[in-house]
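Chain lettering (A, B, C, D, E and F) follows the sequence in which the chains are written, and residue indices restart at 1 in each chain.
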Amino acid sequence: MKKNIETFIACDAEYEDAKVVIFGAPFDSTTSYRPGARFGSAAIRHESYGLETYSPYLNCDLEDLNVYDAGDLELPMGSAEMTLDAISACTSEILNAGKIPFMLGGEHLVTLGTVREVAKKYPDLHIIHFDAHADLRDDYLGVKLSHACVLRRCHDILGDGRIHQFGIRSGERAEFGFARAGHTDLHPFSLEGLDSVADDLASSRVPVYFTIDLDVLDPSVFPGTGTPEAGGVSFDQLRKALTKVCQTVNVVALDVTELAPTLDPSGVSTAVAGKVVRELLLAINQ
Amino acid sequence: MKKNIETFIACDAEYEDAKVVIFGAPFDSTTSYRPGARFGSAAIRHESYGLETYSPYLNCDLEDLNVYDAGDLELPMGSAEMTLDAISACTSEILNAGKIPFMLGGEHLVTLGTVREVAKKYPDLHIIHFDAHADLRDDYLGVKLSHACVLRRCHDILGDGRIHQFGIRSGERAEFGFARAGHTDLHPFSLEGLDSVADDLASSRVPVYFTIDLDVLDPSVFPGTGTPEAGGVSFDQLRKALTKVCQTVNVVALDVTELAPTLDPSGVSTAVAGKVVRELLLAINQ
Amino acid sequence: MKKNIETFIACDAEYEDAKVVIFGAPFDSTTSYRPGARFGSAAIRHESYGLETYSPYLNCDLEDLNVYDAGDLELPMGSAEMTLDAISACTSEILNAGKIPFMLGGEHLVTLGTVREVAKKYPDLHIIHFDAHADLRDDYLGVKLSHACVLRRCHDILGDGRIHQFGIRSGERAEFGFARAGHTDLHPFSLEGLDSVADDLASSRVPVYFTIDLDVLDPSVFPGTGTPEAGGVSFDQLRKALTKVCQTVNVVALDVTELAPTLDPSGVSTAVAGKVVRELLLAINQ
Amino acid sequence: MKKNIETFIACDAEYEDAKVVIFGAPFDSTTSYRPGARFGSAAIRHESYGLETYSPYLNCDLEDLNVYDAGDLELPMGSAEMTLDAISACTSEILNAGKIPFMLGGEHLVTLGTVREVAKKYPDLHIIHFDAHADLRDDYLGVKLSHACVLRRCHDILGDGRIHQFGIRSGERAEFGFARAGHTDLHPFSLEGLDSVADDLASSRVPVYFTIDLDVLDPSVFPGTGTPEAGGVSFDQLRKALTKVCQTVNVVALDVTELAPTLDPSGVSTAVAGKVVRELLLAINQ
Amino acid sequence: MKKNIETFIACDAEYEDAKVVIFGAPFDSTTSYRPGARFGSAAIRHESYGLETYSPYLNCDLEDLNVYDAGDLELPMGSAEMTLDAISACTSEILNAGKIPFMLGGEHLVTLGTVREVAKKYPDLHIIHFDAHADLRDDYLGVKLSHACVLRRCHDILGDGRIHQFGIRSGERAEFGFARAGHTDLHPFSLEGLDSVADDLASSRVPVYFTIDLDVLDPSVFPGTGTPEAGGVSFDQLRKALTKVCQTVNVVALDVTELAPTLDPSGVSTAVAGKVVRELLLAINQ
Amino acid sequence: MKKNIETFIACDAEYEDAKVVIFGAPFDSTTSYRPGARFGSAAIRHESYGLETYSPYLNCDLEDLNVYDAGDLELPMGSAEMTLDAISACTSEILNAGKIPFMLGGEHLVTLGTVREVAKKYPDLHIIHFDAHADLRDDYLGVKLSHACVLRRCHDILGDGRIHQFGIRSGERAEFGFARAGHTDLHPFSLEGLDSVADDLASSRVPVYFTIDLDVLDPSVFPGTGTPEAGGVSFDQLRKALTKVCQTVNVVALDVTELAPTLDPSGVSTAVAGKVVRELLLAINQ
């Protein structure tokens, strides 16, 4: 009798054969407003059976790929340090096996666990960051390891000019000031400007970490997130942009964060997140 | 003391006087993902009292029309065969009286019950089909009478070139292949191309069955459906397109399916569905 | 890297070692009122991680048992016949391996798939049935394979005096008449009388199929079900009764049905169902 | 083709033949805390199709009764005066036809519209009142026609000793003082004492108005109400009590109020309310 | 120990220093379809802590303004007259202190309470009105003080040509006729034409009352309202339009109405409303 | 114009005059299953306006008491250490002023912040603990400061025989073993035995900390909590027990924790929690 193995739809390759390895980081202890992102990765996986494996946009099918889904890490709520260590350990194992880590959050802080590990392997790493929020605070009520500070912590590691932010439409005045001072390459409000950034990064073949906070989407299509911000991008805009990134730049690791499925009782947000993951998997494997 | 007759708002004509007859087909047994479309027709009728009878888009008023609303059929959950027979019988009665059947689903399979009856009367029938999904599978886990196969079953009846599909953005590779092989006239992703198709059908005055799976709408405006698919059309795009169809081609029967009202606790999906029905009634009666 | 195997909490034995085998039957196509039981088995499994493995009531721990969880069957919505065949096949395999099948519904019709197979192996089978509804209709709108008829279909197989019904507080007049005519042993409204029935069945060591429709519980503690019926039993009453059954009679197969988790947004119904499953597993293994 | 007449299940008698006439009063403008009772009557009617017509408690069937359901009044939200006038007019018509009015609320203020009319016909009227709240305020923020004052307004009409209140567990100190001063016969916290009150009223054959604010039930079984008050009665306690009243005293009119269905997304509250209505109809017709 | 003073985020000026004074009008008794707007003002205030005080659109920060938030009025549900009197009294006090009243509804009827007071001080007052509904009925089921009549009541005070309506896409035929007859300046469907109207009003420096019924937004981004109307404006369209109004014309008072937060369990509607209020405060203070 | 001060209903004393001081601890970062308790204290306060100030059970009125409500602490999500420090500081200030701290959680870990401070002042402190869960783990996935360990941490401070636990019906085998070994005085499943424990503590006049995890209630009446456990106590049982404690023993500080209001869309859980707080305030002030 078969075991009950649950994966993102059609991501049932053997580990050895996989080019991309999915894992979940179900953590949301530092969420300051509305928690629930801890349920994101399991929901994306579980509800992926409502999707088709075939993308008419890309004319590709997940059935043709080799993706491994390692399930969710067991993370200790309340301890950001131990959580980030567990994420880094998992990332390291995947990188050492020569595969691409694809993390499903969880809140956005989990990105720090992967980025710090990826940056060890790729010291010239750049980050492409889609988000509604700048996430550039130095601390949040005294806490340095907070979702609101995650890109600032990444900047601590990577330094100026390496972080390319798109869709940003919320933050403190100081965060926008930090970006304007040249520390990050911030493109407010929309995904405009992405094509030229992607083309530049592609031409230099630098390794890129691609992190998508799903609240970059407009709350109309993605209400299920802790801090919805009106004025976001449409699904088609996101879909085209992520395809551009995956098909041009050298993506060495990626993540999708901040789905809080219980905040959207219609289930649409989870369905959208699953479709984003499918398109990412297909585009990155082309 | 008056009896408690409940109809779609202002659709209170006598049967004899009616040009259009509404009836509901509250069935969703073959829904593969999230059920609830069985509650669609009653919700559209019940919540129609939150609408105005007047459309400022068309400058027409339901008060001026003669529409009869026959309520919902009593359908045996679990038996697609018996359900389709009941729908066909009702359709036949309406057609024989020289009226236009307007069915409210229910899941999309119910369309087969009307189409097979309408095709008997109009052997040269075409179908205009708005949907997110191709619905062209030959079977679903061995089941032939499934919502996922309904247009394929219609194709079994009508043959090649008679089915005009718009807005399709989800399906198996084989379904898109079936369409591309010329069996149906599939327009992916949007309603583009509708105007010329409608004009062609209008010029030849062929009879047309018009079926709208409401998930053709973007989930942002219509989350209350079993299988929401991001990347759909806006309400205004749908409104203009359905007006075009009703005002140009010879619509001999029509349906609106796949509202699952309980999946959208905000009630917006039901309100949208009601407005679609109002605009259809007004446009088809012009 | 480990595979993502999802089981009911601590039910991670190897198949060969297992005494009890759990499987899910995610089907609800014949539900006449409010669907959603298809999501029951997966929810029980997924949310079991909010439970403890230890029962202070029984002073036992799931960690000490050998239970295998085979996951959910893939069932074709819309076809009761094919669904029941798939359930029977799975039941047969488990019985042939000398193990106890423990099915998680799904709607109550799924019980027919197991009972007809168990009755082949144990022709002297009795059924202990906890439910709010008699489920003794001969048909439902002409459909014989309906949740509302499931015990009647079991009676077709087993004959008079073999079905012991408890907690029944809803049904047509004819169903109560059928029971009163001696066809079943119906105990209305509560679980009273169970002890003596269980003792009788225990003393004769007849094989017993134990089916629990969770709507036997009062809707206050279990709102998440298709047809809630006020006036049901409390959790403690159910817990004591199921422990009595499992610890005295010769239970050769069992099921738990009719959790519709999405109907209870608080999640309490799923948590209750999981606790029922835990107590059943512990009691039946003692 | 049949018209779509919607009634409480099986209440499809002709008006002339009916002994009891149901009508709805969908009004909640004076609700001070959480509105939504306006949707109560329609929900009870619409969801009654999830009930059986047969009561195993009473061994009676709605199919054997002659009840007419007149649907909902059209009431002007925002105007308590006009609303009460419309209710009184409807009550008068039913009383003049020699039938028993059975009103479904709406908020509790609607009771004033019936009581003032019934008291004209039966000057020696008593009221049996089940409720969590005393509803004896003289005004609410200056408003005299408020749900919180409705029994006080009834007292204005009937005077001391005519109102028998049960289950009351919430109110201002002054309201309890008003009752203790002998103006009403208030039985706090439970339905204890009802039997002797009912027997007294029965022996004198005085006409009785029976008003049930459903929040007399414990919120565990009836959360869908504007102001839930923990510590209420169980469904079985209510069922037995209402049967006692209907089978002993001379009930000349009755109502059931304060279901706010949208406050309980599980739908259990509506199902409970429907079962209360069924038991009332059966008991009052015996 | 500090008192628990709750304000819209950063609106913590002393009354004397404030240029703008916020107050809430939690009333919805005349809502004809789905109530809940009574909870709007408190929700906007309470959930404002999920917003940033800084607007990257305007490059301004609430921290730099002097705004006072007086909390919610205590209003008697069920009495429109007493409610409007309380609103007028509060408005008068703020106007007399030389400040700008900024009311948070509540249903749209509350606008009458402010407008009639503002019109006393500014007899040449104009109104800019964003809404999905014309609100021009003369009465609603006989009630003159209804949300559906509020702009008609304002027209009673101001007369022809003073009310500039945008985004209107729903109403009775008579309401559109009333506007077309020249009584109001109605711009259907969108915010087109606003710029020239605003420029005209700016050049003449007439005092303007700015009332935003949030259902002018498309239900995709703002489902939490009593009567959602598909086909509305996007958040960015609204944001740009309100900025235009506040930065050009002489706004002497304003309001934001018709958020019904409980109708949108995702919380997005409340977040959107809060962002609208923030942008209004920043634009009007520039 | 008055400031918008929000308190638990009628808890508007001046700080100097108050005997009891309420404060909220909106923290839930260590919640392992379903977060949301961070919203508990604000919801209790905000929804208290649906309660009466008068208790007919105790014949007392909050209007007669002097209670101060200091609002919610601002706590850094993600840092248990900093959170507990902030709670301890607030507790210390209240104790030093000779008042009784009454904390509203938040998750149960917050109790450690108060207990450790109260134990400094009262070294002979005992704890009366109502809960479904033992909370006696030494760590949770390596984390010592977890809600699942809070009573164990209290035991670290107070030692054996000082903690009296009631209603416990869930925990690991090791936790029950720890209690059975005599470290705590654990009364499983119900509140039985409380009277004699309370009488003993009363006769010795030892200072007592009273902590109520609201999940001691049955999920039927209190579904809105992170980890609901069927088989709990009724509201009346809890009400009587807390009255007994407050009226007999020397309660020097107390808390109420684990309301997660968003998990119960009916709002009943919040209403129940508010009523518990009212009864505690009234009983402790007698």
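Simple rule for what comes next: a contact is a pair of C-beta atoms (placed from the backbone, for glycine too) under 8 Å apart; a residue touches a chain by one contact, two chains touch by 3 or more.
Since the structure is predicted, the reported quantities are computational estimates derived from the model, not experimental observations.
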Moving only between chains that touch, what is the shortest number of steps from subunit A to subunit D? 2
When centres are defined as mean Cα positions, the distance from subunit B to subunit F in whole Å is 55
When the C-alpha atoms of subunit C and subunit D are each averaged to a single point, how far apart are the two points in Å? 38
Could you tell me which residues belong to subunit D and also touch two or more other chains? 218, 220-221, 265-266
Chains touch one another in the pairs A-B, A-C, A-E, A-F, B-C, B-D, B-E, C-D, C-F, D-E, D-F, E-F
Using the touch definition up top, name the residues of subunit F that touch subunit D in the complex. 49-54, 56-57, 61, 218, 220-221, 235-236, 239, 265-268, 271-272, 275
Of all residues in subunit A, those that touch subunit E in their complex: 33-34, 168-173, 176, 188-189, 218-221, 223-224, 227-231, 263-266
Subunit E touches which residues of subunit D in the complex? 28-32, 35-36, 38, 74-80, 82, 109, 140-143, 145-146
Can you list the residues on subunit D that touch subunit B in the complex? 1-7, 15, 21, 42, 45-46, 68-72, 93-94, 265
